[in-house]
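Two complexes are shown next, each including chain A; its partner changes from chain B in the first to chain C in the second.
Now for the complex of A and B:
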């Protein structure tokens, strides 16, 4: 018992020093259990292949160049979609947040179109644009834009009116108020919106690739499903999970924390 | 007086939609848009009344809603107790947090291919996808919620003689409730999208299926009708179920923490 406790204490100290270890170690028992289940053949191999087979297929697919190519396709789509989502979403959010009229006109429409959801657009997008990058980009932009706009509006609205007054009385022009008060003030919310939006956009991308795709990780999974190859499906799922984990907790979360801390603290 | 204000507010809310519909009714015939690309307003209304009369619209809606309800209720029954059990011990929650984060990242759509392989095309696969989307996110959020209850609160309850049952119902559950509700909301959002996506692939009834089949025949009026129905249904779900739930819990307990 004491040995176990010592082990646990050592583990805690280790993860305190290198937090990334703490996010990897918990997966080891899961993988071990997975290996055990498949080794005992509790389920037919066809339905649940083991970790070794998945690792092998990872090596083969990487060697053949399919995996890197698909991965690149997916990431490019996500990046293009995210770029346009941000480029359109932030100005739109600022407009709705600052102008009462724009808010009255656009807010109800925004809520409704958000409710339709990205994936429901797929069938008609396929009719309009065919199977390709335009359809996918549209779906991702559509998904990313709503959380960005809604959160930007929220951010603009939470800026204290005294901030505007202070800036204006110091002689700031409207453009400078926008640039130096509104935008920085709304930034923490914008980043939160972006993080949510990309989370949804990521899923939308996978759905789009599954349903209308000709390449990409989602397509890899669905293609494998057609061929009945569970190994590649599981491989696809693992890659999706790891990829998003990396993007979210190593890129987006730190940005969110940094902006939130910097600007959030000031407000309080 | 208050009624009048509400009426005006409602009118202001509806007005943009009226303008949009009017534009649709005028512009589409004016520019002579090919109905295979975008339908006339009249055609959508016609398709709607036709599908209501022969009952297919309600069959699709009913099938979709039944899947969402079954999957969500099952997921909640399992996820909330599990989340609380995991959150009680700091060591366990520390260890399991990365796992649940990983799986909630995967939740929903990514499971469609393997779900259809395991359960075949049909009710099972789709319910599994919804279960999945809700389960991991709710369990993860419950775990976070329980873990974020300040230790002194738990100690206080224990020193006042709270037994295990009282601790559960009076401290852990209420304390985690705001997080649980947030989880339900996010999870349902993913589940709803997953539902539509899964129905496009894996079934022969439901709203997603209705859209996808209409695409094969270039029946844009049915597609647009389906999109409107999906939007309205989600709005109703959000306004009538999720928002009140959130108001009742997050605002009530959120306030306590802020003070």
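Now for the complex of A and C:
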């Protein structure tokens, strides 16, 4: 028992010094199990290829330039969609959070349209906009915007009345209060909304690419199914996971550390 | 610094649950000359915080008037600085930026407002904490920041709403002594709300006893300054004064 605890302590010290080790180690048993299952040939190879074949297909597709191009397409779509989702979602959330009238008018609409769901829009979007960036962007914006709006509203409503009072009695105008109190006060929740929104948006993008795409990671996977290449399907799945991990730990987590956690508004 | 006048100030509101009109503040009149320190003392629910919130302009008045330097009060404004029981520091700003917030709203340039903030932080012995965030400070230090943040904006009247009620007893005594020292140095007009009788007497030139929204009586405190707990806690005059105020508050 103490030996196990010592091992764990050593692991914690190691990952504290090299955090990237901490993000790789948990996957090692998963990969080992996967390799073992394929090495024992419990399932036919064409149905379940091993890690080595997937790695080989990664190298081949990268070398041919297909993977980098598709990756770029998917990331650009996500970035464009996320940009508009944030640019529309945050102001809308602030408006609904601050104004009772806006809340009364917009809240029922918000709930109604939230229920329709991103993919449910695809049939009509394809008729309206065809198989292109507009359709993809619409789906991502649609997915990103709801978590951003709902969390921004929550963030605005959790700001204590004394924050407004303090700012006003220190001479802030209503407009300054919006910038100096409402926005930073709601920021921890806005970041949470962003994290949820981008997570959903990422999944919606892949779904959209599978259904209407002509390029991108989702299209890669669907195209591989047509060709019967399980290797490429699994490669696509792994890339989805890794990409999200990168977006989260390189973009979202640093923002969280620099804002809500730094300010003591969110637990570390 | 300016004077503060309350004339027949009243606050009634409709209690939705009881379904009746409730009077929280009843016909309160008070004259605070420029540079005076007044304490308003009374039990919870006596209307003292309601009075302060009306002076600050946070809630509307329903009768009478409030004048600062002869001009009626309309909503919150920088002429009345407020220190809150819950500190109400901006958690997303460093201590320095919290204190520099008022000057920033006045349009004072960055270098100058940081200079002002540093001077006030030094006044409360907080220079070391300038670059830290409020959540990294103890409650006592946070409230020191709260006090100098209000003072750094040079208000005409300083309103303090039970500012030391949520810090521990030892820290509270230190903060009270520091407040009397800072008051002597800057001589702001102060209205200090508290339920603690000895705190009210220790700090003020005059104590107003309040109960059920009415002024019971007021007692002048002519204890010498600077005041310290070491000197006063066994002082006969101090004990006599607190005894009188306590009797007044408890009799109502």
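One rule holds for everything that comes next: the second predicted complex is superposed on the first by the 247 of 268 C-alpha atoms of A that agree within 3 Å, B and C clash if a C-alpha of one lies under 4 Å from a C-alpha of the other, contacts with A are read in each partner's own complex, and residues count from 1 in each chain.
Keep in mind that, in the parts below, contacts are C-beta pairs under 8 Å (C-beta built on N, C-alpha and C of every residue); 3 or more make two chains touch, one makes a residue touch a chain.
Note that the coordinates shown come from a computational prediction; the quantities given were computed from them, not determined experimentally.
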item	value
Partner chain in contact with A:168 - chain B first, chain C second, else both or neither	second
Greater residue coverage of chain A in the superposed arrangement, chain B or chain C	B
Touching partner for A:59 - first (chain B), second (chain C), both, neither	neither
Touched partner set for A:176, first chain B, second chain C, both or neither	second
Touched partner set for A:225, first chain B, second chain C, both or neither	first
Which superposed partner A:160 touches (first chain B, second chain C, both, neither)	second
Which superposed partner A:117 touches (first chain B, second chain C, both, neither)	first
Chain B - residues contacting chain A, complex	12-17, 20, 36-37, 91, 94-99, 101-103, 105-106, 108-114, 116-118, 189-190, 192-194, 196-197, 200-201, 207-208, 211-212, 214-215, 218, 220, 223-224, 226-228, 230-232, 234-235, 238
Footprint of chain B on chain A - complex, ascending	8, 12, 15, 22-24, 26-27, 30, 47, 104-106, 108-109, 111-113, 115-124, 126-128, 200, 203-204, 206-207, 210-211, 218, 221-222, 224-225, 228, 230, 233-234, 236-237, 240-242, 244-245, 248-249
Chain A - residues contacting chain C, complex	160, 162-163, 165-173, 176, 180-181, 184-185, 187, 259, 262-265
Of chain C, residues touching chain A in the complex	56-58, 75-78, 80-82, 84, 86, 88-92, 101-102, 105-106, 133-136, 149-150, 153
